[in-house]
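Multiple structures are listed underneath, in structure tokens.
There are two complexes below, and they share subunit A, which is joined by subunit B in the first and by subunit C in the second.
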Partner chain A sequence: MSNKLLWRATKAVFVREMRSELRSRQALNAVALFAVCSIVAVSLGLGPLNRSAELPLIHAALLWIVLLFAAFTALSRVFVVEEEQRTAAALRLAAPPHAVYLGKLLFNLVLLSALTVLIALLAIVLLRMQVKAPSIFAVMLAAGALGLVSGTTLIAAIIARSSSRSALFAVLSFPLLIPMLVTAVRGTALALAGMGWDRCLAPVQTLLAYAVALFITSLFLFATVWED
Partner chain B sequence: MDAIELTDISIDYGARRVIAHLSLRLERGSVMVITGQNGSGKSSLLRVFAGLQRPSSGHVHYIANGQNSLPADARQDIGWMAPDLMLYRELSACENLRFYADVRGLTLRDSALMALLDRVGLHGRGDDIVATYSSGMTHRLRYAYALLHRPSVLLLDEPSVMLDERGHTLLAEVVDAQRAAGITIIATNDPREQRFADTLVHLEGAA
Partner chain C sequence: MAERLAFTAKISLGLAMSGIIYAMFLVVPQYVGLGEAGRIIIVHVPTAWVTSAAFALSAVFSIVYLRTRSALHDASAVAAAEIGTLFCIFATVTGSIFAEVVWGTFWNWDPRETSILVLLLVYAAYFALRSSVDDIARKRRLAAVYNIFACVTMPFLLFVAPRVADSTLHPNCAFLQGSKCEGISLDLNGAKIGQLGDVVVELKSVETTGELTQARVEVRMPGLTQNAELTPSLDASGKPADRPEFPGQSFRMVLIEANPQAGTVRVNMQAPGTGLLSNQRTLWVFLASNLTFGFLALWLYRIRATILHVSALVETQEAH
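And then the complex of A and B:
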């Protein structure tokens, strides 16, 4: 298949996902509600935190824990819905596997980006999280989100036909995402504390390298996972 | 597509063997009808033909210009419809068909889309959301999905279930047209559909 046809099919899968989501709002509603509830619960539970050297690390950890679980809620839906609504066979027969993977990955990226902005804003308002290096903070979140999406989209395809999807999704994703999560928390804490690029570049590079490695591996494995 | 060859196909579900050592060859222009009681493996066999399910043993080969290919590599030549095939309910029929045309790399002109909807009896309903369709209309849309890319192999599983009398006429027209285009395989127990058969295969359900 030529690159032009692959891109066209990828774009079609992405646009179809967006159109379906904007009409049903299933994932958006579920995840936005989860994000708001989680951050409100954390802010009520913790109350005002004392300023200390550890505060940026605590805020970063809370932020990424909420993001991780929101991602678990949202990102598996792209494949689970295909199986639940029995549209997967028609798609499997018509679309090239790589286009399915790339289109759904792009959709997950858009969904997680919106979610990340929402959760970060809620954390800033409700947890009174101070962001001393906003541009580095934004880059750190973007790199982390890229890693989350790259890792979880393939896992979503693997678990879609299983009967205990939710548990399996968390069980398979967790070990894959832990190294990325630790780096993201530490990098985000540095950005919150106002450190410059000299300290923050290494975690960003690590996150991007991790995301690229997961993306390439997923691209190679996806056809087998999708077809079998 | 010149021919399809099944070699020693067996399909198992757990310890139960549904189809045992089935071998056959279908040539271009032929219509095969598969019959058998519920659970005898008709739908499974069609899914094996489509490459949507792997047989427990044996091979399916699609033969074109002397070259053999597996079903997974011949999907652009396969049109499949079945009662359990679902299209996106939140989209309209036109949006669904345009989507499947795009992912197949086809250019679908408005006139061709309207002609296809006309052919399957959905004239004037193309912009309706699929969730609002009756079961018969949904089944007609499955025909449109299967015929969209003018496949040389057409796999029809229970093709007239949920259809009215005019639906039977649609099926007869589709099968007649497909004789010239390639190979047709129908899984059914409806006696009216068995008359299309050049080859009739009755599945007993192995064990």
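And then the complex of A and C:
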């Protein structure tokens, strides 16, 4: 298939996802509330923290734990819904596998980006997280979100076809996300502490390399998962 | 003929394994600084090697399965993953016991501990996935995809590993942050202050008394209110004699070379256990142990794969 056709099909899948989400706002409502609840729970549990050398690391770790679990609740929906509403077969006929994967990946990326912005803002307000290098912090979150999405979208497709869906998603994704998670936490802590690019470039590079590697592997493997 | 060969192989494997266990306790000498606990490397390191090899094999079989779609290849991937998990548990437990005895902690989030834990989690997830898909062909396909996907993330652990813990206790200079394998040279008449990792070292004196050449080195490190003074030494043959421990850490300072006339020394930091294999007897037992554990894993794999092959064929026939 030519690139142009693939791109058009991808766009169609993405627009379809966006439209059905905007109509029902199911994912957005559930996940946004989940994010608010977990940040509030963390802030209440900790109370105001004293400034110390380790505070950026603590904040970064909490931020990414909340993001991780929000992602676990949000990102599997794109494929699980197809199986629940029995629309997978129709989608299989309507669009080539690569377009389905890319469309859903883009949708997940948009969803997670919105979620990341929300959680980061909540953390700044409620947790009193101080961001000393805002631009690097934003880049780090974006690179981390890319890694999170490229690592979990294929898993979402896998678990949609199994019997115990929601539990399995976290179980399958978590070990694969550990390298990315650890890098993101360390990198975000550096950004919160106000370190420059000389220290922060390496984590961003690792995150991007992780995202690209998993994205390409997913492209190779997705057709196998999607076939009936 | 083949049967007799298999029988002979089985008997010799048993004998070799007994030999390794005998040698581990009675042939391998005690290692200075590690005591009896050092013997565990004879089991620990080979099981860790077998683990990585088995998981790599499992991923290869998964790739082959996706190409051929033959149930036998999937069964081989499962057998390899099972053997890998078994040995992974061995390696984790032996390593943890060793860590408690020598480093005073069962778990340290050391890079290698982290990676082996991730491996265990990945394969636990692999088996969980297999048990939750009902359709046989789909189960095999999804499991193979997950196996390959997981394999792609493994190299990132190597990048990430050094960032996880500030220091590793594993005896491997490449993993010691800031420490170069060749150590650092200090000169009484020149650069007498240097840095090893985040430790600042300053040479105070170097002199020979009797058989020992001893250096006095002042150590300043974060978290230490008072400066400490360590006195590593070399014996007459130029081998490290005394390796004092850095205060509050399990690392040791070792004197690699010293020239009392010129007033120069070269010092390095070492994790306990470094240089364990420089002993000839230990080295040979270690190599034999690697070989034996490799064959043991191969034998277990053969048995398990045969059983799984049969059940895969039965499953496929029932599905038809």
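As a working rule, the second predicted complex is superposed on the first by the 227 of 228 C-alpha atoms of A that agree within 3 Å, B and C clash if a C-alpha of one lies under 4 Å from a C-alpha of the other, contacts with A are read in each partner's own complex, and residues count from 1 in each chain.
Quick note on the criterion: a residue touches a chain if its C-beta (ideal position, glycine included) is under 8 Å from a C-beta of that chain, and two chains touch if they have at least 3 such contacts.
All figures in this text were calculated on a predicted structure; none of them were measured in a lab.
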**OP:** Could you look at A:Ala156 and tell me whether it touches subunit B, subunit C, both or neither (first, second, both, neither)?
**Re:** neither
**OP:** Name the contact category of A:Ala9: first (subunit B only), second (subunit C only), both, or neither.
**Re:** first
Original post:
So, does A:Val66 touch the first partner subunit B, the second partner subunit C, both, or neither?
Top reply: neither
**OP:** Have a look and say if subunit B or subunit C is in touch with more residues of subunit A.
**Re:** C
Original post:
So, A:Leu112: does it touch subunit B (first), subunit C (second), both, or neither?
Top reply: neither
Original post:
Is A:Val131 touching the first partner subunit B, the second partner subunit C, both, or neither of them?
Top reply: neither
Original post:
After lining up the shared chain so the two structures overlap, which partner does A:Arg19 touch, if you call subunit B first and subunit C second: first, second, both or neither?
Top reply: first
Subject >> Common interface positions of subunit A, toward subunit B and toward subunit C >> reply: 227
Subject >> Contact set on subunit B toward subunit A in their complex >> reply: 50-52, 54, 72, 75, 78, 80, 84-91, 95, 99-100, 102-105, 145, 149
Subject >> subunit C - residues contacting subunit A, complex >> reply: 66, 114, 118, 121-122, 124-125, 128-129, 132-134, 138, 141-142, 144-146, 148-150, 152-153, 156-157, 159-160, 163-164
Original post:
Hey, which residues of subunit A end up touching subunit C in the complex?
Top reply: 151, 154-155, 158-159, 161-164, 168, 171-172, 174-176, 178-180, 182-183, 186, 203, 206, 209-210, 213-214, 217-218, 221, 224-225, 227
**OP:** Within their complex, state which residues of subunit A touch subunit B.
**Re:** 1, 5, 8-9, 11-13, 16, 19-20, 23-24, 85-87, 89-96, 99, 227-228
